[in-house]
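Okay, handing you the structure first.
By letter and in written order, the chains are A, B and C; residue numbering begins at 1 in each of them.
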Amino acid sequence: MSRRVLDVQGVSAGYGQQAIITNINLHVDDQSITAIIGPNGAGKSTLLKAVFGLNQHLGGEILFDGRSIFNARTADLVPMGISAVPQTHNVFPSLSVEENLDIGTFAAPPPDARATKAKILDLFPDLKEKRSQQAGELSGGQRQMVAVGRALMSDPKLILLDEPTAGLSPAYLEIIFDLLLQVRDSGVAILMVEQNAKQALAIADFAYVLVNGENAYEGTGADLLANDEVRRSFLGGSAAND
Amino acid sequence: MELPGFVFYFITFFTMGGIYAILCLALNMQWGFGGLFNAGIAGFYAIGAYTGAILTAAGSDDHVGGFGLPILIGLVCAGIASGIVGWMIARICVRLKADYLAMASIGIAEIIRLAIVNEEWLTNGSLGISRIPRPLESVFSGRQSEVFFVVFVWIVVAVTFLVARRLQVSPWGRVMRAIRDNDAAAASVGKDVQRFRTETFVVGAIFMGVAGALSAHYFKFFSPDATEPLLITFLAWVMLIAGGSGNNIGAVAGALVIWAIWSLTEVVTQQLPPDWATRSSYIRMLLVGLLLQFVLQRFRSGLFPEKSPKLRVSDDR
Amino acid sequence: MIDFINFYLIPGLTLGSIYALGAVGISMIFGILRFAHFAHGDLMTVGAYAALTAVWVLGIPALAAIPIAIVFTCLVALMADRLFYKPLRDLPTIYTVIASFGVALMLRSLVQTFWGTDSEVYMTGFQKPVVLFDIFRVATRHLQIIIATALLTLALHLFLSRTQMGKSMRAVADDPALASVAGLDTERVIRWTWIIGAGLAAIAGVFVGLDTDVHTNLGWNLLLPMFAAALLGGIGKPLGAIAGGLIIGVAEEICTYPVFGESLISPSYKTAIAFVIMVLILIFRPQGLFKGRLM
């Protein structure tokens, strides 16, 4: 049986005293991809931010690797083994690709930074040839790779991705999802919010559907894809992307 | 009619207090209504002072002047001259982050100071302009003229106040506040943000010029040393923030309260041992600096907080 | 031509070096803390006076007093940040600009209170100029200032491009929100920004004292050209600020060069050059003169 990396138990969170998500339960297993899908405004990003200490926790408990990280500071989470990739503005535009990757090691130095960087550059061959180029000059998909690469540099157990394929062409979407599978297989758990629900469910080991800030459905990616109600309510719109 | 000495102390206090009240109301238009940072108040003040002085002073062989124009015309021209300089600087800077306007305004103040010291044909350089008249000097002489002058100053304060209030409650004022709090939103509903900002900066500059001209008439003499330029800029800022930026009554109250504190610190520092007495003006400056920091950290909304429902000021970071 | 180099270019580069060292701090603080630091000139003044005290008390030459000036000025800057800037960190940055305006006046009045208002010099007497190739006569102090600035520029470049703190600073300047998501310790970056900015300001202050004399308005008077240099170089690009400082220093001297028997502008308006450059930059290239990767 696989180990639980992240266990979100009945969490409410939001901004100020205003709860945007209420009583959310969710868990992420070791070496798995967990997807959160749902309509706009369902609180998906808020949930991700709550895990990463970027907003106000109002109730519940969050365990990472068995330790409570409820209301922990972001700066403390990175050394514990969580990194995050925001949806937009997720690279340092005036720094080179390589420097962007280096930033990932500062808060939580991996045992062998050089080897880690070599491994990540192998994973993203596109970046290898652009390693000394400014990240701001790259295409959207390449930037996404830099951002994910930066998050992987600290050798995390879990990475949080906020819509990693937002704004990308369908071709790039496949490349990014392919890479995420490779990342998972290299031993990192992934929790991601996705707007491209169908494709996300196709690669997800487990998935949650959030509606109005609350849990609505959960199951393996395949189960949810097969679920009629989920298909009708949440996957109809994304069928066009096929 | 003989008035006791302390009355004249009050007259002196309220004369300078009134001049600062005008400066403060003018700064309130720029910063309180418009969120525009002016670090060169002294520059606009000096333009006004010299314009007023040159136009109204008696003739002199040392510099241009001796037009002997009426004081009211001098005041109007002082405002216009200062407003024109304000317009030039605003045209360049209002589209940029507030810090750039701050840098440019301190630059313009510096250039004005340089010009005043160097253009002797115009300003008589560091010797300054003398024989500047006070209003109705032929009617009131000696101390009576001081009494009349303080009334005159406060009439101008009242005019400035009415203009400021008129601007604030007008549709123009509402647009300005909207722009200050969220310029992107104001622009998106079709408001010409740059034009409004330029206008508010110019109106403020005009009244700063008027305040400068009044002080020239009060001192009857104006030279680059007559006032420490930084002191004026700095005091005006402390006054506005302590009084309550965005609130016209706050601007006037802040001017009087801080001017009272500033005057009192003089009394206090005079009690220092003689060794320190020469340093008293620096210690006063330090104390007012500390007062500013205190007000900024603990008392930001001031004595009279802004009344219209205050939105969170958009974070420009 | 030789006269031009001896009397205009070299003094211009000297002045430019001083502007450059001051402008680095202004540029970095604007880039990382996002506000125009009005007290930066007065940090230079503090540095110059700290060195003056060391010269008086220890009897060492001014150059040897620079480390003392750096340490003292850094402490002053860190204290000002802790007491007056940090409490305002969550507000719109314009409040911090106002606070720094107040700090400028407080620093100056402290200097005036403790050191008095008379102009002082680090050393009296005449220094023999250095003669190069029989034709170039360069004042020793000018040579020292220019060489030291070149070395400091190199050191700064290496710091920003090679060290962890240097890269962290550039990252925070690029995107503070992402920097904290990446787990960077923003407060530590801010501390180092002050240390480098104030340290270089202290050096610049001592250089002003070496070049002319030490007086209480020393730094404030240089604020305008330093702001202009930081803008010229592009905010948040310290190396651009150095280039900007050199350009403005040389431009100020060259404009007084008698081209047709008369100088372009009266020397008393030298500072106006910086203002004109600043205004032109604000109109035409608010993002600074240089494109690309100049840090």
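Just so it is clear, a contact is a pair of C-beta atoms (placed from the backbone, for glycine too) under 8 Å apart; a residue touches a chain by one contact, two chains touch by 3 or more.
On a predicted model such as this, the values are computed, not experimentally measured, just so you know.
A.B. asks: Using the contact definition given at the top, which chains are in touch with both subunit A and subunit C?
C.D. replies: none
A.B. asks: Among all chains, whose Cα centre is located farthest from the one for subunit C?
C.D. replies: Max centre-to-centre separation from subunit C belongs to A.
A.B. asks: Please list the single chain whose C-alpha centre lies closest to the global protein C-alpha centre.
C.D. replies: When every chain is reduced to its C-alpha mean, the one closest to the whole-protein mean is C.
A.B. asks: Please work out the Cα centroid separation of subunit A and subunit C, and write it as a whole number of Å.
C.D. replies: Spacing between the chain centres: roughly 44 Å.
A.B. asks: Between subunit A and subunit B, what distance separates the C-alpha centroids? Give it in angstrom.
C.D. replies: A distance of 55 Å separates the two centres.
A.B. asks: Roughly how far is subunit B from subunit C, centre to centre by C-alpha average, rounded to an integer in Å?
C.D. replies: 30
A.B. asks: Spell out, as numbers or ranges, the residues of subunit A touching 2 or more other chains.
C.D. replies: Correct list: empty.
A.B. asks: Which positions of subunit C touch subunit A when the two form their complex?
C.D. replies: Counting only subunit C, the residues touching subunit A are 164, 167-168, 170-171, 173-175, 177-185, 292-293, 295.
A.B. asks: So in the complex, which bits of subunit B are touching subunit C?
C.D. replies: The touching residues are 35, 37, 39, 92-93, 96, 98-100, 102-104, 106-108, 110-111, 114, 117-118, 230, 234, 237-238, 241, 279, 282-283, 285-286, 288-290, 292-293, 296-297, 300, 313-317.
A.B. asks: Per the contact definition, I'd like the list of subunit A residues that touch subunit C in the complex.
C.D. replies: Touching subunit C from subunit A are residues 52, 54, 74-75, 77-79, 83-84, 86, 89-95, 99, 102-104, 106-108, 134, 150, 154.
A.B. asks: Per the contact definition, I'd like the list of subunit C residues that touch subunit B in the complex.
C.D. replies: Listed in rising order, the residues are 30, 34-36, 38, 83-84, 87-88, 91-95, 97-99, 101-103, 105-106, 108-110, 112-113, 176, 220, 223-224, 227-228, 231, 266, 268-269, 271-272, 274-275, 278-279, 282-283, 286.
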